[in-house]
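Structure in structure tokens, see below.
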Amino acid sequence: AQEETVKIGLAVPLTGDYAIYNEVAGAQCMAEMINAEGGVDGMPIELLIQDSGSDTQAAITSAERFMGEGVVSIGTIPFSDTMIPLAQIVGQNGISVIQAQSTQVEMHAGIVDNFISNVAPDPYTAAAAANHALEQGVQNVAIFTSDDGGSWSAKVPEWFAEVITENGGTLQTTLNYSAGTSDFSPQIAELRALDPAPDAVYISWAMPEIGILIRQMRAAGLDAWVIGSDGFDDPSLDALADEDPALLDKVFFGTLAPSQPGSRIDEFQQACAEIGHEVNGLFPALGADMVRIVAHGVEAAGSTDPAAVREAIRSAESIPVMSVEDVSFAETTSYALREIPVIGFENGERVLLSLEVPENVPAWN
Amino acid sequence: MTRLNASQRRGLIGALLLSLLILLIVGLYALWGESWQARVLYAAFVNLIVVIGLQTFMGNANFAVFSHAAFMGIAAYAAAICVTPVAMKAVSLPDAPWGLNAFEMSPLASALVALGITGTLGLLTGLFMSRLTGVGVTIVSIAILVIVHSIFLHRTDIFKGNQALFGIPRIFGLTHVTVLAIVAIFAARLFRESAVGLRLRAAADDEIGARAMGVDVHRARLVAWVVSTLFFAAAGIAYAFFLGTISARPFYFNFVFLTVAMLILGGLRSVSGAVFGTLLITIGLELVRWLETGPTLAGVKLPQMLGLSGLLLGVVIVAVMAFRPHGLMGNREIEDLVLPRKGTS
Amino acid sequence: MLEVAGLKVFHGPIEAVHGIDLAVGQGTCVSLLGPNGAGKTSTLGAIVGSVRHEGAIRLDGRDLGRMAIEDRFREGIALCPEGRRIFNNLSVHDNLRMGAATRRDAKGVAADIDDWFARFPILGERRDQSAGTLSGGEQQMLAIARALLSRPRILLLDEPSLGLAPLIIRQVFELIAELRRDGMTILLVEQNASAAVEVSDRVYVMANGVIRRAGAAAEFGDGSGLMDELTGVHA
Amino acid sequence: MDYAVQQFLNALSFGAEYALIALGLAIVFSIMGLVNFAHGEVIAFGGYSLAVVGTILTGNPLILMGFVLLACVAVAVLLEKVAFRTVRDADITTGLLTAFGVSIILQNVFLLLGSPRPVAATQLIFLDRTLWLGPVQVSSLQIYETVATILAIAGLGLFLTRSNLGIAMRAAARDFEMVRLCGLRANRVVSGAFAISGLLAGLACIFIMARRGSAAPHMGFDPVLTAFVACVVGGFGSLPGAVLGGFLLGFLEVGMLVLLPQSYGGLARAAVFAMVALVLIWRPDGILSPASEKGDKI
Amino acid sequence: MLSIRNVTKTFGGVAAVADMSFEVAASEIHGLIGPNGAGKTTMINLISGFLTPNSGRILLDDTEIHRMPPEQRARAGIARTFQNLRLFRNLSVRRNIEVAESNVGAGADRSLVEEAIDRFGLRGVMEQTPDSLSYGHMRRLEIIRALALRPRVLMLDEPAAGMNAEETEELFENLEWLRARHACAIILIDHDLKFVLQASDTITVMNMGSLLASGLPRDVTANKEVVRAYLGTGQN
């Protein structure tokens, strides 16, 4: 039966520990843009949003509710402990989980077959960042790991180090930290004791800890590169330039989609601001891609039947999205193989340093 | 000596009344409920078992403890690792040590193993928990929570940390957890009215007075502690068997706050309080979740106010503490509302 | 000096004192006697403002009715309470300082404290010990001393002899007599009727929340048969 | 050698920060028997007020520091008035749970009014400058922090044992009404205690903000949890105990980070807490057990 | 039956009990008197196990008990009341008694406690919590609760404090009844000398932690030392 609207459920964390990873703002903005142009095959897109409070049970409950309302797809907390059971449960009704920003490798191990992520898994960003580091002549690296963020904080630095060592570099030391660290002095003392001084440190984490680390390293006279992952891709990192643009001089990160000034994301954010949506940062912006992908699937399938839409998405040669020209799931089935941007800073302004699909991604599945 | 004294008989009546309430709710759902509400009910009953377990220690001994999520997690992981088929574990736990991914057990055996492991850990921790006093109990319980959580996070080869341990057979449904909840209610009531329960409550009021009356305070606390960990274990098993995927995340502070708030609202001194508190907060949270999405009420579109649910918990705790420090029920049990005691003037 | 008229005292919903009248003249000692539960402590509680009450309480003609506890104290009403209520966690010396906390003359306070140590030498010996570890009787002495350290205009004593050895009881009653001679106004609640009557100018006898008898101390002889008479009526 | 000295100084400043927060907890506990878990949110409030005032009013760091102190004192006193006064006579558990409730409310208010992501407030990071003492590099912040903590401890100790108000504060811990019966305005006494704890929170907030450069809803939770542990290890309710516990925790934490092999790095926190549990088994009331201070006799 | 042998307890520098020895025979009422701070309450704490002696021994029928924890001594038959009441505030009067009762074997004499409840006038308040009782009732409840342990030694710390002559008399009669009804030794501390002398078979007088005198009531009151340290010259 033909529905009059295309419904997308978002059982996402607006509060709680993972609140910064939700894709609501970009999705809302994109849905409004599409609806303003007549919708998808004449059907408007409707977003059903519920706060999961970062809690798995709450997310699944909301998802079950959405199922009753006939959604085409669902987005949720981008961590596998929620995405897997949720996908299993909504999969019984043929509904897909389509994530705007999930980089977790586990989701692509074949546990669930109704999962699609708009971005490439973590090893890609690690490899891209490592490749750029090698180009800068980085040889000796130290990495920071933590168990607090799952494989994202624990494994990604190791993948980075793997690429470095495979190309003749050295992993000098692995340092540990925990979420909420507000003083890295002990780790910095360790870094300072390294001989030779490290060329680069890698950490897959987010603000404000990153800011503290950068500041304390620079204050301690360590001028090694500080390299990171998509967690760096947040406006609050750029804000360090207000203190001192030099703080960001030797900082870069591999991320999910280009977000420097003049990039498509940047333009999208400005367009959204004009129609009254504040879309702040990478993760919120990527919600727009997710909406575009679903819209494309509905159009191609000619229906809102979730399974048909999923098939259509997977068989499409290219799907135009907001953040890059297009993505495709034809080869990978569950994630978009994208060019990975490496972004750095010049005088405190973001610049795109490289954009490639890395060839030398460490084995991850 | 199986003859029950007057309080214990009243306890059974009370437990029966509470069970009827639970059955009534399940009945209402069966008749008119929507499918997503089954999940709400399931989660509520799992929480109920935890809150009742909390009541057996916190309520009777009058200490605030926060380690229950840890024990629940231990049981959930133990049951999950035992029950998940070998073929699935090859994918989900490829690096597990000690042959953990090379065996599988029946659900019943897995549950028993989980209860056994959790109970043993309860006993070991209880040996020193029962010796601590005052705030020390709270702090060591927090230490247990943090330590267990760190181990979950760190030993990713066994627990997968904040990633998912998936592929657990989804064995349990609403019926199972309803039965478990009712068993828990009876067990907690009988414990409260037992000699140990009575001594524990006496010691909570006046430890020195109780010792002078021959109460072995440490032993009573130890027994209650171990019993309460078994409740948490049951809840953990039910959680894992229902969801099919677990991670370290749900077994931490957020869950602790939620369940403690439930207990406080109802009143930690009584089992009925634990039940009412759990039900009320569950309903309240669902209401808030619905309100915060900005529904249309009587033709008026309410504004969207996402994020209120967290606030609600805090407000409930503070308001209850300010206006009814002993919770809705205080010292009373459900049967005290229905059948007044003789001789009270 | 202190006048109480139509005083009712409540503990939650329970009315413990049912409208009593009482007067304590300047420089006199008045005893309030009666069996357990008569409402003596409740009456004192009302005067210092720690329990809910109705009716008039006048100090030198001024109504204290709505005044807060601490303000009544500052008007010169000090209480040596039932159960002593010393600060267990403070040293003996600091307990005494608390009694004088509203005084501004640090030297005078120090001198007064030394006086009390001279009067009760055992307290002096325990000067820096936590008051909670004192024996029952030592705590009682401390409570009396604390109440007097503020140099109140009127002193309320609630069973000051409770738990004291005979020797010390005598000392306490001698102290009361001495204070009276020095012009202190005293309202005394006691179980030890004969000793109380002996030091008093006037006696009120209370039972079940009402005043049963009132009169000059002389009318009560040595106070002995008093309680029998009362409890006989209400047994 | 250089490395060892450096790590020693690091441990000292970690310890000083915990001690400062622990003192704030201990003073409220020793006076009111309240385990104030909302102390962390007082610190966070200071952080947010720095962010707000720093962007809309003035960038002058001295004024801002004064303002942070003021904000923390004000919010601590306010919390006492609206939330803790009602549970003043309640037992420890009631107070502790109330404090938890207050902490949850405040965190959510920060979340709703602010944002889940950190709000930048970098006006105080200038406090953190690198100094060289011979070959050893120290942060000026570490020095300020250690000195401030020592001054705070000394000042507080004198205040509580010498001044009438200080003695009254300790007395109020036991018998609130009796303090009033001694003519002291007890509400002021308790407000005073909260003001002091707010002041200590404000100091801690300045140091934390000087390092973090941003405020976030949960920023106070972890340090306060650690400080709470420090209090208990030291002997809850004992001010010297809080200080001792704070420094002990600082040394344990840095020691664990340095000594544990990297493959066990994730267990550093677990190891610290396990040691704390061991200390408590050895001395259930903490190292400097305040039992004598409580002075209870049977 | 209960022997205290050379027991010493010091707090810091203060010897609260110094080298005390005395014997309590089965089914006697043994008065323990002395000035404030003499160490009487400390003595009871030592016997009931809330303090352990620095030196010396405490024996119950030739068994050393001075290293046992209090609860074990309670179950061995040593019961006490407290100078400051220690009732279980959230339990009904009945359950207060049941706490003690739960520690005695099934063979115990059930009717003892029931009779005591009637005699002490608590029958009508069994389902109330102690807070709602008058102070006198609370004191009586403490005694019954201790009695529910079926003690062999019952120690009462100032049971008559705050009672008037009439009530003290009633307490005395209840003690007499108790002695007739249940064979146990009673250690009685009180400052109401008339009451103690009337009730006790033997009296021990303590002063500054040590034994000052002991013997029959009339011998003790005649003792000059006792008069000087405790009673003061010219009795009242």
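Letters A, B, C, D and E mark the chains in the order given here, with residues in each chain numbered from 1 onward.
Note that in this section a residue touches a chain if its C-beta (ideal position, glycine included) is under 8 Å from a C-beta of that chain, and two chains touch if they have at least 3 such contacts.
Model, not experiment: these values are computed from the prediction.
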| item | value |
| --- | --- |
| Shortest chain-hopping distance from chain B out to chain E | 1 |
| Greatest separation from chain C - chain, by CA centre | A |
| Most distant chain from chain D, judged by the mean position of its C-alpha atoms | E |
| Inter-centroid spacing, chain D versus chain A (mean Cα positions, whole Å) | 36 |
| Rounded Å distance, chain C centre to chain E centre (Cα mean) | 29 |
| Interchain centroid distance [CA atoms averaged], chain B/chain C, Å | 52 |
| Distance from chain D to chain B - Cα centre to Cα centre, in angstrom | 31 |
| Junction residues of chain D - those touching two or more other chains | 108, 111, 266, 269, 298 |
| For chain B, residues contacting two or more additional chains | 150, 153-154, 208, 307, 310 |
| Multi-partner residues of chain E (at least 2 other chains) | 41, 50, 82 |
| Contacting residues of chain B [partner chain D, same complex] | 58, 62-64, 128, 131-136, 138-140, 142-144, 146-147, 150-151, 153-154, 208, 257, 260-261, 264, 268, 307-308, 310-311, 313-318, 321-323, 325 |
| Partner chain A, residues of chain B touching it in the complex | 34-36, 39-40, 43, 91-92, 150, 153-154, 156, 161-167, 243-247, 249-250, 254, 289, 292-293, 306-307, 309-310 |
| Chain E partner contacts - residues on chain C that touch it in the complex | 35-37, 83, 122, 129, 133-138, 140-141, 159, 162-170, 191, 193, 195, 227-228, 231 |
| Chain A-facing residues of chain D, complex | 3, 6-7, 10-11, 13-14, 17, 108, 111, 116-118, 120, 122, 125, 128-130, 137, 139, 142, 208, 211-214, 216, 218-219, 221-223, 254, 257-258, 260, 262, 265-266, 268-269 |
| Chain D residues touching chain B - in the complex, by the definition given at the top | 29, 35, 83, 86-87, 90-94, 96-98, 100-109, 111-112, 225, 228-229, 232, 236, 264, 266-267, 269-270, 273-274, 276-277, 280-281, 284-286, 298 |
